[in-house]
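Read through the structures below before going on.
Here come two complexes built around chain A, the first alongside chain B, the second alongside chain C.
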Partner chain A sequence: MSIIPFNHTMAAHCESGTVTAQLNFHGLKITEPLVFGISSGLFFAYMKPPMMDFPMFVTRSMPGQILGKFSRRTGVKFKKKTYKDSKEAENDLNALLDQNIPVSVQTDLFFMDYFPAWFRVHINVHYINIIGREGDKYFVSDSYFPEIAEIKRDTLMKARFAGGAMAPKGLMFYPIHIPENIDVKSVIKKGIKATTFDMLKIPLPFLGVKGIRRFADRITDWPDYARDNQQLADKILRIFILLEEQGTGGGGFRFVYASFLQESAKVLNNPRLNDLSREMLEIGDKWRELALAASKVSRSGDITKDKLAGLGTLIREKADIEEVFFKKLRKEISNHK
Partner chain B sequence: MQYFSRDEVRLKVKDLIIRTLNFKNTKPEDILDNVSLFSGENNIKIDSVDSLELVMEIQREFKVKINTQNLAWTIINTVDNITEFVMKEHIKEEA
Partner chain C sequence: MKEKDIKVDFREQQIILYAEKEDGSLSPVQTGSYITKNYINDFYEMTAKIHNEMSEKLKAGEISPVFFYMTIEELTVAELASRAGLSKSKVKKHLDLKGFQKASVSDLVKYADAFNINIANFFQIIKTREDKEWDPGFRDDTNMSESVIISQTSTNNHLVVETKIFHNTK
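Entry: the complex of A and B
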């Protein structure tokens, strides 16, 4: 049996958790909230792409951007590779593991059969660390699983080469260079500035706070997209799932961001960021209330326009409080010397 | 802050579960202390939506904060975990 000595920890979110664990393994002591905040992982978008039958929303940046932005801002370099040939992907993975190099890979979460069945849905952007192999199985450090897991070779290959939107294409990555001196203060400020820009200033009506408002305004249109009441109920339940279940750390990533601000307060020696961290915790609780309200509407079986308008009111409240919050945060970080 | 023994907290937790999730025909003694509430092996079964409702109610009732989802899932898993968490948080507060 060959398992690389790897400190397995659970994390709020798979991408930031996987990157953090890799960085820690390679000697950079950093926490998941710092990785998430420095890479400006918090976001909001509400859209109805033409190829999709239903509107969708996200509460974080695009998959892969945490890795990319963290790398750009800190100078940490990662080796990244996608594959057409699954055999080549497997050979490269094995060769790296044999050199005691843990490898991060993108997978379809559905194939992670160490999770209970109810948790396993097709999401093509689940990141895990592979930390060893033996015979036809691999050892996995998955930030959503409490202990080191095992996965069969064939299953892992299916997960790495699943088809569909955002297909993993065998993507693997691992750090190859960590600068000796990272100006943490500077990159924290860059990360915060980028998040406030994303939430307040992108001139598109479906992004940031404007996106939350669009979500609030348009949720009453959802029955027009649904083929029947059951589909509508399922889609409304997805509000709960996207905010609370799918690796957000709870409250649509707001709790992770609160932890980031708390750590930033210490690094920047700015107690005002501590106050803002506490405010963000309250905001996270409000997103949780929305998640719960959505699940109740979904389960009620009788989804009226009034109930959807009620959800719209709750969503609009989040837009209002986040607009105020991010303006305060922008001002605080702009004034910080 | 009012002091409660572990047994008292455990009973309050069970009452809260029954009340919050509306398990009408369940008595506190029916709920097993150290068996997962999610698994179907306890005398009641909850799902992830129920668990969020419990998180919010536990926060309100016991004046504690459960701010990470992984932690929430671990805590809500059994009555004993919830009880231990509440006891620990109150001890921290007292210190």
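Entry: the complex of A and C
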């Protein structure tokens, strides 16, 4: 058996958790909230992609952007590679593991059969660290699993080469250069500025605070997309899952971001960021209230337009408070010397 | 969100939430999943209902096996087409039984890979007993504590699966 001595820890989110664990392994001591905040992971979007039969919302940036933005801002270089040939991907993975280099890969979560059936859905943007191999199986450090997991070779290859939206194409990555002196103050400020831009300034009606308002306006249309009441109830319950349980750290990443602001206050020696962290904590609590309200509506069985409009009101409230919050944060970080 | 407010005792699914500790710091807290603990029975009921409905339709010839697996794996036509490497119009044709009968073996292999099932399971429904844990054709159920075990193992011939049925002696 060959497992690289890798400090396996669970994390709130798979991409930020996977990147953080890799950085820690390579000697850069950094927390998940710092990785998340520096790479401007916080976001909001509401849309109805053509490939999906139902509208969707996200509370974080596009998959892959945490890795990309963190790298660009800090100067940490990652070796990244996608593949057409699965055999080549497997050979490269094995060669790196044999050199004791943990490798991060993108997978379809559905194939991660160490999770229970209820957790496994087809989603092509699940990131894991492969930390060893033995015979026909690999050892996996997965941010969503409490222990080091095992996966069969065939299953891992299927997961890495699943087709569909955002197909992984065998993507693997690992850090190859970490600068000795990262200007943490500067990259924190860049990260915060970009997040406030994303939430306030992108001129598209479905992104940022405008996206939250669109979600509020359009949730009453959801029955039109549903096959039946059961599917509608399931989709509304997923509001809770997406905000609270599916790798967000709670409150749709707002608590992770509050933690990031708390760390930033110390690094930048700016107590006002601590106050803003407290505010973000309260905003996270309000998103949590929405999640609980959605689960109640889902379970009530009788999902009327009035009940959906009630959820819409709660969602609109989040848009209003986040607009005020991000304007304050933008001003604070712009004024910080 | 305070640490003491989020602790859920549910070992089967653990998650990380960021919460406020007593000293005011925000830290990751490992806890059980509230939603899974409280809604897992609803999930099983809903899944069983969909499986049963689809299974009845499949047996009545109202839908094709492709439609059956597409529905229970929550894929859309576009997503399935992309995953299987087939056109959307072709997938649509294969959703009813008449169109499915014109599908080529190579198309079926592509569907089976996309669904992560053995190709043989397009043409059979294996039933052992009433059991929430058993998803037809999805996986080996080696952890059952009693009764019959059905184990499906791929062979070097990708069109042939070896299905073993035996009593669990554990």
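The working rule: the second predicted complex is superposed on the first by the 335 of 337 C-alpha atoms of A that agree within 3 Å, B and C clash if a C-alpha of one lies under 4 Å from a C-alpha of the other, contacts with A are read in each partner's own complex, and residues count from 1 in each chain.
We take it that a residue touches a chain if its C-beta (ideal position, glycine included) is under 8 Å from a C-beta of that chain, and two chains touch if they have at least 3 such contacts.
Small disclaimer: the values here were computed from a predicted structure and weren't measured.
The superposition on chain A brings chain B into a clash with chain C.
In the superposed pair of complexes, A:Tyr144 makes contact with chain B and with chain C alike.
In the superposed model, A:Ala11 lies in contact with both chain B and chain C. In the superposition on chain A, A:His122 makes contact with chain C only, not with chain B. In the superposed model, A:Glu279 lies in contact with neither chain B nor chain C. Once chain A of one complex is fitted onto chain A of the other, the partner contacts of A:Glu289 are limited to chain B, with no touch recorded for chain C.
The larger set of touched chain A residues comes from C, when the choice is between chain B and chain C. By the touch criterion stated above, A:Glu245 is placed in contact with chain B and with chain C alike.
Once the two complexes are laid over each other on the shared chain, residue contacts for A:Phe255 go to chain B and to chain C alike.
Of the two partner chains, neither chain B nor chain C is touched by A:Asp92. By the touch criterion defined above, A:Met51 lies against chain C but remains apart from chain B after alignment on the C-alpha atoms of chain A. Touching of chain A by both chain B and chain C, each in its own complex, is seen for residues 10-12, 118, 144, 146, 240, 244-245, 247, 249-250, 255-256, 258-259, 281, 284-285, 288, 295, 299.
Contact residues of chain B toward chain A in the complex are 47-49, 52-53, 55-56, 59, 65, 67-70, 72, 74. Against chain B, in their complex, chain A makes its touches with residues 10-12, 118, 144, 146, 240, 244-245, 247-250, 255-256, 258-259, 281, 284-285, 288-289, 291-292, 295, 299.
Note for the complex: chain A touches chain C at residues 10-12, 32-33, 50-53, 110-111, 113, 116-119, 121-122, 143-144, 146, 154, 158, 162-165, 167, 230, 234, 237, 240-241, 244-245, 247, 249-251, 255-256, 258-259, 262, 277, 281, 284-285, 288, 295, 299.
Of all residues in chain C, those touching chain A in their complex are 1, 6, 12-20, 25-28, 30, 33-36, 39-40, 42-44, 46, 49-50, 73-76, 78-80, 82-85, 113-114, 116, 133, 135, 139, 154.
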